[in-house]
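Read from first to last, the chains carry the letters A, B, C, D, E and F; within each, the first residue is number 1.
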Amino acid sequence: MHEIVSSVRRDYIADLVRQGKRIDTRTMDQFREVSVEVGTIKSAQGSALVKVGKTQVVAGIKVEHAEPFPDKPDSGMLIVNAELLPLASPTFEPGRPSENAIELARVVDRGIRESNAIDLDKLVIKSGEDVWAVFIDIYMLDYDGNLIDVSALAAIAALLNAKPPEDEAWTLPEFPIQKRPVAVTVAKINSKLMVDPCLAEEGVMEARITITTIEDGSICAVQKGGIGCFSREELEQAYEMARAEGAELRAKLG
Amino acid sequence: MHEIVSSVRRDYIADLVRQGKRIDTRTMDQFREVSVEVGTIKSAQGSALVKVGKTQVVAGIKVEHAEPFPDKPDSGMLIVNAELLPLASPTFEPGRPSENAIELARVVDRGIRESNAIDLDKLVIKSGEDVWAVFIDIYMLDYDGNLIDVSALAAIAALLNAKPPEDEAWTLPEFPIQKRPVAVTVAKINSKLMVDPCLAEEGVMEARITITTIEDGSICAVQKGGIGCFSREELEQAYEMARAEGAELRAKLG
Amino acid sequence: MHEIVSSVRRDYIADLVRQGKRIDTRTMDQFREVSVEVGTIKSAQGSALVKVGKTQVVAGIKVEHAEPFPDKPDSGMLIVNAELLPLASPTFEPGRPSENAIELARVVDRGIRESNAIDLDKLVIKSGEDVWAVFIDIYMLDYDGNLIDVSALAAIAALLNAKPPEDEAWTLPEFPIQKRPVAVTVAKINSKLMVDPCLAEEGVMEARITITTIEDGSICAVQKGGIGCFSREELEQAYEMARAEGAELRAKLG
Amino acid sequence: MKKPEKLIKNGKRLDGRMPDELRPLKIEAGILERADGSAYVELGANKVLAAVYGPREMHPRHRQQPDTAVLRCRYNMAPFSVDERKRPGPDRRSVEISKVTREALEPVLFLELYPRSVIDVFIEVLQADAGTRTAGINAAAVALADAGVPMRDMVSSIAVGKVDGTIVLDLTKDEDQWGTTDMPIAMVPRKKLVTLLQMDGHFTKEEFGQALGLAFKACEQIYGIQRQALRDKYAIKQEK
Amino acid sequence: MKKPEKLIKNGKRLDGRMPDELRPLKIEAGILERADGSAYVELGANKVLAAVYGPREMHPRHRQQPDTAVLRCRYNMAPFSVDERKRPGPDRRSVEISKVTREALEPVLFLELYPRSVIDVFIEVLQADAGTRTAGINAAAVALADAGVPMRDMVSSIAVGKVDGTIVLDLTKDEDQWGTTDMPIAMVPRKKLVTLLQMDGHFTKEEFGQALGLAFKACEQIYGIQRQALRDKYAIKQEK
Amino acid sequence: MKKPEKLIKNGKRLDGRMPDELRPLKIEAGILERADGSAYVELGANKVLAAVYGPREMHPRHRQQPDTAVLRCRYNMAPFSVDERKRPGPDRRSVEISKVTREALEPVLFLELYPRSVIDVFIEVLQADAGTRTAGINAAAVALADAGVPMRDMVSSIAVGKVDGTIVLDLTKDEDQWGTTDMPIAMVPRKKLVTLLQMDGHFTKEEFGQALGLAFKACEQIYGIQRQALRDKYAIKQEK
């Protein structure tokens, strides 16, 4: 996910951080401008276009019949797929999902799955034979950093926007969403922690940690990335930042 | 599909065309020698070996049980596959079908499908459950230009040669062919139009247009290729050439 | 499977062979030290770790429900898969099975299948619908030559170690093994034949022939490899070596 | 949906359009930050994005052409763009559309100016309702201009077809499915030269000519909207 | 087809052949225009084409060998060559056959004469009735000679096997399916050296020896037909 | 297996361990001949091998980095390592684990010492019982040391989680399946810096802190066993 940053720019960003500043004048715990627009894609059951700064992601929900996994006959299915479209960045290449796209999809998946955001137990049509599969397709359109948080936000916004499929097998009054997990990524640059790294910051960050929290502030998923390290104190500080910013982002879900 | 042609040869061919001549002494609306031999492959339900000049294609038909598409429960299936075998040209490479092989298969498919050459509605065994799938496999053996026309001719010749499968589920008296679509490709070199480009001509042509017609001269499929353009007058002229040559080729089907 | 050997070493090995000697002081019909350890992998129905000199292979057996092939409704299935893990040699690369891995799996498969080592007819649960599929996965851990013989020995040892699956559909008293095929590879270097080539010998051998025999000394599978040739006399001599060494290896199966 | 009894009633189509009437067409240029050029097109219910990268160095190197740039096009549909979820990744249809799209655009480019380079055109269909390839070409041509890639002319594209025996412009999904004929076309609008032409269905000679005429007229109209989109973007930039 | 009660009756096989009798074998050299060399083989109901390209420059370059040419072989079956349509593309069986075919042919070639080059052998099975790999090797060897690739000797190939307890030459599909043993073999006919040997089934020591003998004799016969095919082509060329 | 009524009874876990107790951990260094370094780890019922090749020249060349070595990791499960046979080849899970494993190990390596090179770490799970990625990292770190690759420090790894409301160390498969939370962690043991952290399930702030504490303590213990494995190998070599 890193792009190459010239060493001059690298030093400049690191210097700023030493002074407690960021390249785009934000504070350490400040997200870029966030906009959430839902329902734009009519061919999807639900959809959301999320912009965080210049990063743009669209997520679409499709709900289809499927045969359940043999070991989970009484559970609907959740499938999260992420495409780092070559449209979105000069460094994204067409072809099979990259390591980064796979990690992204799995981190978003865990946030939704582990928080029980969707009540999958209700998505059974006939035990062991026919269940609802919920596909979340994440489509990266314009990439200016922090794709995990933007994607996770688009995914939960699209789920909240989802209408029941027009199918007589569907019997629930609405789409069963019960939690709102929100991912917040904290980057470490020059030993300082900051939320929502933009692309330039990603190019110089030592490591990142993504913490997904739910309404009560508890954690449902964590993912460290990058080749740097975190101390225990830093992890605890990152959690506080993720919880606070997560609450703010959650408010944007309406 | 283009092969590299030396600039001397390129100029030579272009010069000839300026004089209304072709490299192999043909007229503009003349096909190379055409031969159609059917029934050579006993392991196929139907087969044809078609030679146009030095270009050779064999097509084989297999008819097998299949489950119909959910949205077409009362229709048999047509699957056209084309292999540009590395045997046939130094420029063909083994591996997954190239862009050219895919275009070829799809253009042949459209000619047969859109003309209703096969009465697919008769190829249903049990609605929604069991239908006949007709596989047309096009095998390029020796490539000296104009593979679309040669392949399309081999495909319809093989279909006309097809015997019903030896299977008690088959109840029709014969294989239900009702139209004879024939593709004719018109190449544009030096602003002149000519049918059946040979390999050397393909190397210098600006663009080509393939028009598939049926018995009454009406069009069932068109495909423009190459990076040149056609004016409206050229398109109408190409249609006349395709209709006239199509009728001649159709006569070779016996 | 060949690795590059310096020409000096090549000459040295060839010289030794001329004197009837081998690089590791073995005689022509002598295997390296053989050890067979079974039951190490508890997650498999059966397993074996076989070491021949420094070459190490682990084979694991899994037995699962499967739908039989349409043309063999009354027969269980045998699937042999071999992985030349990049862990085992600097020349093995991750990714899809190489030509060598495919040949290896197929030669081991033929030895077991053609000798009827497993009584596949007994592995039918419901004719045409449900049979037992026996998977033999061969895992190359450390590669110092002669992977066919070591793999074949691991495969039959793992089969002999196999316990019935814990599944109420299983009704046989035990896993139905009825033969013990053993593969012996004879290499030709400098016109001399020798069994069990080590890696250095493989690097200089002209050709190899693998002969799989069963208890009564009859042959159930043969595979010649490499770009050299064998005379009729050499083939008959190779058979004698394979039969004799095969009996010794079979004794290690306990 | 079942086949409607009639696709054209009292001379009007299911969505109220006249046979020679375009669906609402909206084009915006320059809507992506990272791409060198981009455009967004809505054609009826179609929503399509195009982005251009390049001219840039071609990798891998052995695919560089010593005397020209290479144009690459990739047409792709989002999984959620159609009724039944489409599995991600290219299929045979998208490979063919990518090829004819490239051949539709290449005639207006001066590729020989950029030896050893590549120009990448990425087209993403976010919502589909028939005509996605023509919407994609319209978007791609604007995105190329937005990227500052030198062009001889614009490329404009639309489909014509036959529905209930009538030649109609710009088919919807229902018309495509239940109609007889679909003929997507692309052209260089000033010189009136066709750079893409595909057709499947049934046309007599006369219908073919009539359909071409309809398409030529519509492409002029589209050309105007494309130019306006580029002007609008330039105007906004100037204001800033 | 059900298993026949007997595969050999009164000393004769289902198709009337004696145990040591070859199926009709027809070989034609030089039947393709584009290939550097080619051959067509009919062995009973088998129909097989082989083409040779090269020696030519190896691409990609990092696979070039500085001191030798590389021989590549690709054995492939047409989808319509067998009863049930075969899905296009290589499977494990064809990968293995391609490998042993390469190893069967390589001993007679002077690859060291063409450093950094590649020789490609493409074998296409158009119609299959057991013995396709042997027919393919016979075709490939003639195609190599037709391409003018220097060869130490020809390569000739045939299968032997055991059917109803009898050692037989050149098995048909039925004999392969219902018989006990199949042993394809290829050899350099003049020096009588085996370059391909595979076997599956059951042979005692004595049967193995007897089968080898039968194969050696048949390969001499095949060698004659291969030479004749090359002479015929040369003769035709001379006439022209 | 059905969900057990209780996973912790009288303060003890199903396998008799205390909540903060590690499963038996056995590490052997240098068990493969061909690899430059290797290690075998048993953690409870997990059996994992790791091998290291390199620093060696990177192929293909265009992936070489002019100023640093590249670390590649491949985590892979044997088909027979789990209850239901796993199909060979990478899946999405193994791709992700390979990535986080690489990021867990890279902080301790001096990659800048080996420009244009690659270091390959191959991890093979032969038998799995939850915690395979942590066992694999422990094995890989020892294998890197065994290969003589210069390291700033060791990397030690373990999972913590929540089962029946209790924070426990080193979950078994049953605990992972029926418990609430799984949090694998890797750290540089001397500096107490975390290089891998993943979590799924549910933790309050307090539980998160408590789990981190448990993991930090266990990693020290593992570090001791890793060092002993390397010492043992060295001792054996010395004896020889």
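Couple of notes before you dig in:
We adopt the following convention: contacts are C-beta pairs under 8 Å (C-beta built on N, C-alpha and C of every residue); 3 or more make two chains touch, one makes a residue touch a chain.
Worth saying up front: this structure is predicted, and the values here are computed from it rather than measured.
Taking chain F out in thought, with all other chains where they are, everything left is connected by touch in one piece. Using mean Cα coordinates as chain centres, the one most removed from chain A is E.
Computed from the mean C-alpha positions, the centre of chain B lies at a distance of 26 Å from the centre of chain D. Look at where the CA atoms of chain E average out and do the same for chain F: the two points lie 51 Å apart. Chain B and chain F have CA centres that are 58 Å apart. Counting only residues that touch two or more partner chains, chain E has none.
In chain C, no residue touches at least two other chains. Residue ranges of chain D in contact with chain B, taken from their complex: 92-93, 95-96, 98-100, 103, 106-107, 183, 187-188, 191-205, 208-209, 212, 216. If you check the complex, the residues on chain E that touch chain B are 32-35, 38, 45, 47, 49, 51, 53, 56, 74, 76, 78-85, 88-89, 120, 122, 124, 126-128. The touching residues of chain C, when paired with chain E in their complex, are 99, 102-103, 105-106, 110, 113-115, 209, 217-232, 235-236, 239, 243.
Considering their complex, residues 40-44, 47, 54, 56, 58, 60-62, 64, 81, 83, 85-90, 94, 96-97, 135, 137, 139, 141-144 of chain B touch chain E.
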